[in-house]
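Residue numbering begins at 1 within each chain, and the chains themselves are lettered A, B, C, D, E and F in the order written.
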Amino acid sequence: MGIHQYFQSLSDLENIYRCPGKFKYQEHSVAEHSFKVTSIAQFFGNVEEKAGNEVDWRALYEKALNHDYSELFIGDIKTPVKYATAELREMLSEVEESMTQNFIEREIPSEFQNIYRHLLKEGKDETLEGKILAIADKVDLLYESFGEIQKGNPENVFVEIYSEALATIYKYREMASVKYFLAEILPDMLHEKGIRKTELPELTNDITAQALKDDSK
Amino acid sequence: MGIHQYFQSLSDLENIYRCPGKFKYQEHSVAEHSFKVTSIAQFFGNVEEKAGNEVDWRALYEKALNHDYSELFIGDIKTPVKYATAELREMLSEVEESMTQNFIEREIPSEFQNIYRHLLKEGKDETLEGKILAIADKVDLLYESFGEIQKGNPENVFVEIYSEALATIYKYREMASVKYFLAEILPDMLHEKGIRKTELPELTNDITAQALKDDSK
Amino acid sequence: MGIHQYFQSLSDLENIYRCPGKFKYQEHSVAEHSFKVTSIAQFFGNVEEKAGNEVDWRALYEKALNHDYSELFIGDIKTPVKYATAELREMLSEVEESMTQNFIEREIPSEFQNIYRHLLKEGKDETLEGKILAIADKVDLLYESFGEIQKGNPENVFVEIYSEALATIYKYREMASVKYFLAEILPDMLHEKGIRKTELPELTNDITAQALKDDSK
Amino acid sequence: MGIHQYFQSLSDLENIYRCPGKFKYQEHSVAEHSFKVTSIAQFFGNVEEKAGNEVDWRALYEKALNHDYSELFIGDIKTPVKYATAELREMLSEVEESMTQNFIEREIPSEFQNIYRHLLKEGKDETLEGKILAIADKVDLLYESFGEIQKGNPENVFVEIYSEALATIYKYREMASVKYFLAEILPDMLHEKGIRKTELPELTNDITAQALKDDSK
Amino acid sequence: MGIHQYFQSLSDLENIYRCPGKFKYQEHSVAEHSFKVTSIAQFFGNVEEKAGNEVDWRALYEKALNHDYSELFIGDIKTPVKYATAELREMLSEVEESMTQNFIEREIPSEFQNIYRHLLKEGKDETLEGKILAIADKVDLLYESFGEIQKGNPENVFVEIYSEALATIYKYREMASVKYFLAEILPDMLHEKGIRKTELPELTNDITAQALKDDSK
Amino acid sequence: MGIHQYFQSLSDLENIYRCPGKFKYQEHSVAEHSFKVTSIAQFFGNVEEKAGNEVDWRALYEKALNHDYSELFIGDIKTPVKYATAELREMLSEVEESMTQNFIEREIPSEFQNIYRHLLKEGKDETLEGKILAIADKVDLLYESFGEIQKGNPENVFVEIYSEALATIYKYREMASVKYFLAEILPDMLHEKGIRKTELPELTNDITAQALKDDSK
């Protein structure tokens, strides 16, 4: 029992790969994803602050840095499995929760247990920081699928991931972060070499159009 | 020019490997190292807080998360080169600084340039947060070399890295973080399977003895 | 819809790795594991036949070849998660079953659907062929963990896998296959170079002793 | 001497790669190829049975599963070498045969030697099962080259492999399996994303036209 | 101290990769690059000899084979860093020189030190052999970037490398080797499958046009 | 047809790996092996020169650099196959020879064909340079197997390779190069960390003793 086990577990997150078997050009470990999501969240935190919103920075970094630590316990459960039924989803989330609690009780010294209970709890809540995490997580996913599509990976799953990620980002389109993303970052992405010949521009238009239609309702 | 380039550059840090060609059992990208250092710094921040010291959490996360971003510009310059002469070291540090400034001016939109100048500046200063970063950086390096030694990599360079990292950590032995590390974490590390037969226990004793001798002067 | 999708899915099984992130010396894809389990089952089928038992060869090959095809749908769910509660285990098994059914209905032409319903159903039943599959599956797992231990991987998980696999094989020790395995194959394994210095010989003795004790009850 | 060596040799087939140095997007081990060929042969066996032909299932599985085991002894001899002269081809085939016999005599316990002499002999004979193996072997090769072409590998060797494999399949076009393949599977393959822009559709037409011309003779 | 260390260091050059993190389709170690540059230089040496120029073959092979040995000491310093200022460039070159000298004094037995001082000194001088090395080094770099562009790597850095390498080769266009390269080899390269759709033909024309303009001045 | 194809073929030698599937810690491409053999031969050439023997340097470099180019045509034929019968060995060597001739006639422009006939012919003849090549080839093989044994690879094949390589080197023990190797390099090798616990010291003694016995006959 001890922090030594926690420090070693960080390295295990270097060996858990996202969507195993799908990425052909660049694989991404959970550790790498966590780094990128935290860096993206850091940028969006600054956008929100510039827009006059107050950011709890400690909370934002905590949420982003630790948001996928529990992948250590449950591994890569494919999304269709995870969401097969609401009941199963609930149950898996309970198992994840209880395995995290077990880990904390077994490995974390008692004086730090409350701290890690706080750090490792689900971070995507309704606070500003929770919403920034939700967006940053999807923006990184968008970039990961974009990278494969740009290099010519014909697997349709990346087009699906791109669409799903972008549609989720759109849901938060009232936020300053998402406004900045849609106005400044996404257009640059779609002007990258070779993208015009892919499905991405049309797909992006469809998702935008759908969002506008939803808005006008 | 734009944040799109910054977001893409995060992914380039997944492709820059530490000590290229040396790790035979597990390689570590700069992105993965940054994640681990930030998580280790997060733990030490809590130790310091428990010890009654005030932690500027935003500063701590900023320093740890971004501390190796400039590896993007300068690549892996071998340590002996970096420190060949004080003059060269100075000059390389100026080049790194100026390439970071160029990147910020070229890619970061003007309204965010001051923020990124602050985020990407050298973080290892004399503040409590700067010192926690210095320790966390070495603790991760210690774990990286420990992993190779435990698995049987005969390259002497990992013994040298272990020694140098531990000696640097010792320099901060007045800090609560380092006290905790030496009393609670290091002993667990040395009790891992197969370590007793390596040079690590004796090496660790030598470094401790040397430190005690320095203390008593 | 069509057999084309089924043929392509075979190749996806080359990209799903067993125990991702654990094997440091040799990784094993689900496709490779399936090949080895079928070859091992083929040997045990011959042992049973020599011992005077009738083997339904078509059934044996079908069970062994297709026994992990459904990993395609559910991915690598870590064992502790899978068995966290009896309820969850049941539910996951239902999801797996229903995803397999969906795949068959969606991709397999109707004239072949009944055949694939038969081929892809759970094969580890109480028939002789079902039991041979159960043993062959564990023998391959034993060899996979043995390979890592022999090469010096210090991760305790392989000792646990070895023990669990061997204990499961022991449960079938009334079968001619397992008698042959224990008398002729396991001793050769434990005489391999470097194994005497590991925990494996003692561990094996403990499991045997426990089994004998159970027998004498 | 013993089955232990045979079980370990299965794992060596995970380390022998097909066409080493050619596949850039997805490599295929001999173990993986054997799994896929057996699964494809299993499908074609069902097609033949539906067409009213009697299938000896045990023979079919034995042939498919073990058809490349002897790659263990001879390694990857490039096709042009193998077929350089009829004399050399004959001689290599004798060497392969004699090395397989040696292995059986050296490693397989005497009571199982006849069984393995049967299992490891050349399977592509004039029986229905031998012909299904010949087709299944080429279908997997076709899929392997198709995968590289679809992802954009410019090496001409994959176009050659595709053509040679398809032409060989065509030779068996009187069989129900091949009729099914040409009518139902190949068209789906050629409708995959991005294939229309490659040479494959034209190439396929040429091979078909040639076959029809041969038929009408 | 001894030649043993030198022999082992050759193997370290198999672990130092060129432009780490950039090549997605085929990586190239410094050892592999050295082999190719020497083989290319060997060809150009023959071209020069045919053109009536006298080639010092020993010098040519020595220069080509050993030209990147010092990468062992300095690692991969990114080109923009290396050339940031003339002063830094000078200093890095001094450090490289002095680390090579240290290595020779520390590892090479005294009776061979003068030989290795000669072998490991900078080879790109104004002799015919020095110029052939300069060209061969760039031709290999051209082929490395060509390989990535042909396979569809969208990273702009390869287009930049191609341009820079070709422009440097052009500088030596008075030499028989370069004349042969431009007249016989480059056109074949640009006729490779898929190249017509890339930027390379236009880029090549621009570089040629610029060179002609320079010539006519 | 052209030198372009020859230049591209150099890169194919980066993708042909030695003893595929055997090396677990460090793989070696034919290109890398060629670089190391040439560097080792360069050293031994200097030893011979110091011993008063005249070295034809151009011949030495040509032999070493190009000695495995024909692996391009024949691939990795396992040693036991190659030497199965004297007749087969002869025949394979004829095939290799005739494929090399075909390549030269097909790809090399006529004005260079004689040069490449000379460069690509078998180099291990009875000249001093041919003998240095034979030794250098085995020394590199010795180092390759040594690397695996030192890191703990339990596969017996590396002990066999070490023995066979050393025994072959011993056959040339009248040469100054081999005397230097045995007196100065081999002892350093056997003093490397962890080697004392392996079979190598005893094995080396046995080979030496056998050689002395042969000498005294």
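List of remarks:
Criterion: a contact is a pair of C-beta atoms (placed from the backbone, for glycine too) under 8 Å apart; a residue touches a chain by one contact, two chains touch by 3 or more.
Quick caveat, the model's predicted, so the values are computed rather than measured.
With steps allowed only between chains in touch, the distance from subunit A over to subunit F comes to 2. Farthest chain from subunit A (centres taken as the mean of C-alpha atoms): F. The greatest centre-to-centre gap from subunit E, using C-alpha centroids, is found for C.
Subunit E is reached from subunit C by a rotation of 180°, derived from superposing Cα atoms (nearest 5). Across D-F and D-E, the chain pair carrying more C-beta contacts is D-F.
Each chain gets a centre from the mean of its Cα atoms; for subunit B and subunit E, those two points are 34 Å apart.
If each chain is reduced to the centroid of its CA atoms, subunit B and subunit C end up 43 Å from each other.
Shared contact sites, meaning residues of subunit A that touch two or more other chains, fall at 15, 26, 152. Working note: touching chain pairs come out as A-B, A-C, A-D, A-E, B-C, B-E, B-F, C-D, C-F, D-E, D-F, E-F.
Interface residues of subunit C, counted against subunit F in their complex, comprise 25-26, 150-152, 192-194.
On the side of subunit F, the complex with subunit D involves touching residues 12, 15-17, 20-22, 73-78, 80-81, 84-85, 87-88, 91-92, 95-96, 98-99.
For subunit A in complex with subunit B, the touching residues are 2-8, 10-11, 13-15, 26, 28-29, 31-32, 34-36, 38-40, 42-43, 46, 50, 57-58, 61-62, 65-66, 109, 111-112, 115, 119, 139, 143, 147, 180, 184-185, 188-189. Every residue of subunit B that touches subunit F in the complex is listed here, in rising order: 24, 152-154, 156.
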